[in-house]
Amino acid sequence: MAGNSFGQLFRITTFGESHGEAIGVIIDGCPAGLDVDLDYIQGELDKRKPGQSKITTQRKESDIVKILSGVFEGKTTGTPIAMIIPNEDQRSKDYGHNVDVFRPSHADYTYATKYGIRDHRGGGRSSARETAARVAAGALAKLLLKTQGIEILAHVSSVGTINAPNVFIESAEEFLEVREQNIVRCADPATAEEMIEFIDSIRKQGDTVGGKVSCYIKDCPVGLGDPVFDKLHADLGKAMLSINAVHGFEFGSGFSGSEMRGSEHNDIFIKNADGSIGTRTNFSGGIQGGISNGMPIEFKVAFKPVATIMQSQQTIDGEGNAAEISGKGRHDPCVVPRAVPIVEAMAALVLADHWLRNRNSKL
Amino acid sequence: MAGNSFGQLFRITTFGESHGEAIGVIIDGCPAGLDVDLDYIQGELDKRKPGQSKITTQRKESDIVKILSGVFEGKTTGTPIAMIIPNEDQRSKDYGHNVDVFRPSHADYTYATKYGIRDHRGGGRSSARETAARVAAGALAKLLLKTQGIEILAHVSSVGTINAPNVFIESAEEFLEVREQNIVRCADPATAEEMIEFIDSIRKQGDTVGGKVSCYIKDCPVGLGDPVFDKLHADLGKAMLSINAVHGFEFGSGFSGSEMRGSEHNDIFIKNADGSIGTRTNFSGGIQGGISNGMPIEFKVAFKPVATIMQSQQTIDGEGNAAEISGKGRHDPCVVPRAVPIVEAMAALVLADHWLRNRNSKL
Amino acid sequence: MAGNSFGQLFRITTFGESHGEAIGVIIDGCPAGLDVDLDYIQGELDKRKPGQSKITTQRKESDIVKILSGVFEGKTTGTPIAMIIPNEDQRSKDYGHNVDVFRPSHADYTYATKYGIRDHRGGGRSSARETAARVAAGALAKLLLKTQGIEILAHVSSVGTINAPNVFIESAEEFLEVREQNIVRCADPATAEEMIEFIDSIRKQGDTVGGKVSCYIKDCPVGLGDPVFDKLHADLGKAMLSINAVHGFEFGSGFSGSEMRGSEHNDIFIKNADGSIGTRTNFSGGIQGGISNGMPIEFKVAFKPVATIMQSQQTIDGEGNAAEISGKGRHDPCVVPRAVPIVEAMAALVLADHWLRNRNSKL
Amino acid sequence: MAGNSFGQLFRITTFGESHGEAIGVIIDGCPAGLDVDLDYIQGELDKRKPGQSKITTQRKESDIVKILSGVFEGKTTGTPIAMIIPNEDQRSKDYGHNVDVFRPSHADYTYATKYGIRDHRGGGRSSARETAARVAAGALAKLLLKTQGIEILAHVSSVGTINAPNVFIESAEEFLEVREQNIVRCADPATAEEMIEFIDSIRKQGDTVGGKVSCYIKDCPVGLGDPVFDKLHADLGKAMLSINAVHGFEFGSGFSGSEMRGSEHNDIFIKNADGSIGTRTNFSGGIQGGISNGMPIEFKVAFKPVATIMQSQQTIDGEGNAAEISGKGRHDPCVVPRAVPIVEAMAALVLADHWLRNRNSKL
């Protein structure tokens, strides 16, 4: 109720602050009998962890996940699965100089006002460190979805004004292999080079830049999503907008769809060679009436530039007096490369939840 | 759980099909002691109802709302408030010819597959008629918010590629007066003329067109929104994306923020003349860390073109055979003028919920 | 959240006051494809309605239920099912004399203090009239359970100090036939006579008396109930305790189990002739570790005497001044005969919910 | 949803198996600004821990709780509070001999059937070890309630057929002092002696015995509890029934109330000397219409005898073959002395939740 749980049937509850003892998550509702591949879960976390390349923060956290409950002899038992990630590199002193001032476009001011108390160390609960717990839980959701053949695939589709061309996804393996060959996680190698160079130049200026992540869900069966409020894209939208720094979400034709006519936008139904039903175009983004229609699900997420910059900025302190702030600490010049596994994790949590929910749609 | 409830503390549950007996809503959690202005609620419904102008569907429904419970001597009692809107103009025969075919970009195919049964009359539950119940409930939420001085204000900011300039809102009354002076509900009179003319031409072609609604929340106190999953903008996003035909949501800098640098995007804190704290710019859209910061909340919602067009289209039937469909019935050439009160209603439901939730943020 | 919803997957939300326009319920989460037998639902309501015999209140309400949504061509569609029961015999004037005083052991004082406002007509929302909505929803739950062979069977097992012997249930039909042959709804005809005579004498004294309802659930499969908080008996207990006038709940050995030794209380597992597994005794009441074990589920519900008596009583008024109150209106001398269908309805709602939940216990 | 969460606004989610790495709990929704007394929390756990006296299991667990998040400089911050209790004395081998057989009146058979997999070590999730997490969370709830002057007080009121007389509670301190002076936790010293002797004799026979815990809530304000389904006593009932081994719950007059007449059972309102409103008797147990009325809240909880006995018993194995089982390991001859803090913890969780909920009952 206080906002730290997500999902209805595949339900997670997360905890932890940036510089506390540990962060973690409880997953309640995962069916019994799922094989738990801990290496896979750790691998997903490794894609999110800091310090992995020259275009991410140089802060180091090994982010080793440990399962405390709910798994017995390698399988889920139907009981809650607790996962914990200890915090390591807690250089609180990097943040000591900002105790009394509100960092621009951070959550310092709103937390202090809402709660009357604020754990200022590294942003406390408002730090994006919290998303590691989502990635761990999302990895388990992915393992569940894989048993149904559903694959969640995201990549960086833009950095600043540099946009990647649309990608065509033949196989999940190939997509991931290409994407992981570059540090910006763009599935188009040529654009990736351009993006990396641009982020590096931004970093050298002590500045940051925004970007977009595109996500595709492959081989989703027809029927996932619950009208009227829990439409599949509404839950995906909430999931994405709950990620730090996200300012926009669109699916299918998205914002550009608002400029189109019905006669061009309507997706004509066709019967495929194998007897299945599809549509000629996919402006619906794989979702009609809030329910998956068997076509690829496609959506895009817009991230604002990271607020912490290595430049001096004016601000105010807790008493409302003018103050100056200069970025210290170690931060990301662009958040999207590390956001890719987070977007995938949140999408997986939504899909796993709706897959379970859909099992009760018919008698 | 099955998707027909929205909100946690100010919680609504809706019911009803397009051509059933009635639609309606139960509001649970409205505090006792709120004055219920039934004329105001009916007035909000009148803005959504069909048949109100030449650019909306010519279908006629008087949409008279009736309160069945929860109000005593003009005040809420703390018990559930049920509101019902009987269905009137149920020309099911207009839809009879489409019983066996799946209308392109409608929910026919997904409902039929998910549930194994489909109320085909006018789209059944998937019809936008369902949003009338949201508007009735949202009107009550607005009355609650007005006791706190919070105003929700939306208008049509684009139709197809016609975009209104940004509006400056001095007073809620003035904004609403200007907006209601034109049938497209755009707060910029000059652009409104252009939009109306365009929609009328689209209508004559038997086609439809998309558009965007912009929403502003005025005088929202600091502190609304619950990290980490129930960030205020995440709940607003889900609310908007749950409205029929919505394909995108952005707040503050939105998608364009993904192209900006941190040094230009950061909103510098300032102390206002009255001692309150604000920010120089508002790229954060009034929300930081998922919590309202006292600045105006600003977001934008993209609607795809209405799927029902008065042109012949190819499709398939329930057996997967090729079929042809021709639009009959009476539909909107552009949904956004009637979507304005729906966007406001959903925003009000989110704000009322988070206002109640925030009362427990501190001891 | 405000307490007017019950269940997680088979979820009901009720509304309505004793003397308002109508009472009703929305059921969300009933799977599509269930045959809806409206006569059966009405029949269940008829067992609860007032004025059915000399030992119930003489107030008359026909309690005709109407389905507004969610059912198409006789089957559920997977969308919310709204049911409404208009209020008829609203003799508010019977209650006018009690506007300003707090009736002893009623909810007048607590409602007035909690909400600051009170619909005094017939107790408003606190009236047991609200349970009609539960019976309607419970009847649908029973129809769902019948598709799985599960039968819910309750009867009056005590009135005051008159106790019926334990009944042996061979078939549901037979049990119900015997039970419905007497107006007190006791499955033991001899005890029924005694109970009826006693209630009648109590009624003539203008007094009331309490009693107990025993409930059996036949042919429940193994596996229903979710540890640790949503144990099957915990949810049954909450369901029963939420019924007006209930003061106690026990299952299996119940309170007497607290006096027993482990060596006598343990239910020894046996293999039945048909290969199924059962237990020699059933002190566990069909539930072990919060999960049904395939044995008959057995529980008992204690009802206090009705608070409205036809005798003069001292009390205080809204200003705290001494006052006197004399019962008028038409009330039940003993609530248990009409409580039988309510107990069954609430049990059915719990079982339907857990039957749906259990479908996701395994991959 | 899968049953491991409890509460709406003060909401806990627990995890952990008897012989896993650790057990723990996340509390979401505790308001910011509460002083956290870790010694108090540990002290509550110490009352529940095994090995504390000759009449409890001789198993040793130090049960040291650690707070991982949500507390900063000794105060709650409004973010989720994670508490963890590592498992120590995990003598799995004590249980190894029972891997393939279903222990009578345990949850082995139901878990194995429901989930298709079972962590047999010490009962896994079905072990009462899980309640330690409840006690830790409940201790925090008690600290919250103490800021409002509300005290939760329980004691052992019966063991087998030995019943303590009713206690009169003048002060919380005194009650607790008397209760903690004997190892059976009965507030009547004379009866305590008798109980201890009886339990000790039962233990020597390798048998177990049931008992009852009575609970009083002192100085609860008027207004807690939400009609109609979340009546205060309904939530208390569910809370108690969710505790391992509980078979019955009653409040106020309870089961004996079902034998009374309205004229004797009605609690007459009176004005106290200090101007407050009370009732002459308290058959309502401090709750009317599901809402606290300011009188002491009183309820009673019945525990069955512990299922593990040190005697040989017949049973069946996983293949349905006859088997024999003999109790090994170290178990409690009577569960009620260690159940007292669990009953108090669950009561505190319900009260804290409803105290928060009630803050929104009025505008």
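Quick notes on this one:
As written, the chains take the letters A, B, C and D, and residue 1 is the first residue of each chain.
By definition in this document, a contact is a pair of C-beta atoms (placed from the backbone, for glycine too) under 8 Å apart; a residue touches a chain by one contact, two chains touch by 3 or more.
Keep in mind that this is a model prediction, so the values were computed, not measured.
Looking at the partners of chain A and chain D together, the chains they share are B, C. The interface holding more C-beta pairs in contact, when C-D is weighed against B-D, is C-D. Separation between the centroids of chain B and chain D, computed from CA atoms only, is 46 Å. With centres taken as mean Cα positions, chain D sits 26 Å from chain C.
Residues of chain A found to touch two or more other chains are 1-5, 8-9, 14, 29, 32-33, 78-79, 114-116, 125, 227, 361-362.
Chain A meets chain B in the complex at residues 1-6, 8, 14, 102, 104-107, 109-111, 113-116, 125-126, 130, 158, 160-161, 202, 207-212, 222-223, 225-231, 233-235, 237-239, 241-242, 247-255, 257-263, 265-271, 275, 277, 279, 283-285, 288-293, 302-309, 311, 313-316, 320-322, 357-358, 361-362. Remark: chain C residues 1, 9, 29, 31-34, 76, 78-79, 144, 147, 227, 356, 359-363 touch chain A in the complex.
Here chain A touches chain D in the complex through residues 1-5, 8-9, 11, 13-17, 20-24, 26, 28-29, 32-33, 66-70, 72, 75, 77-82, 84, 114-119, 124-125, going by the rule given at the top.
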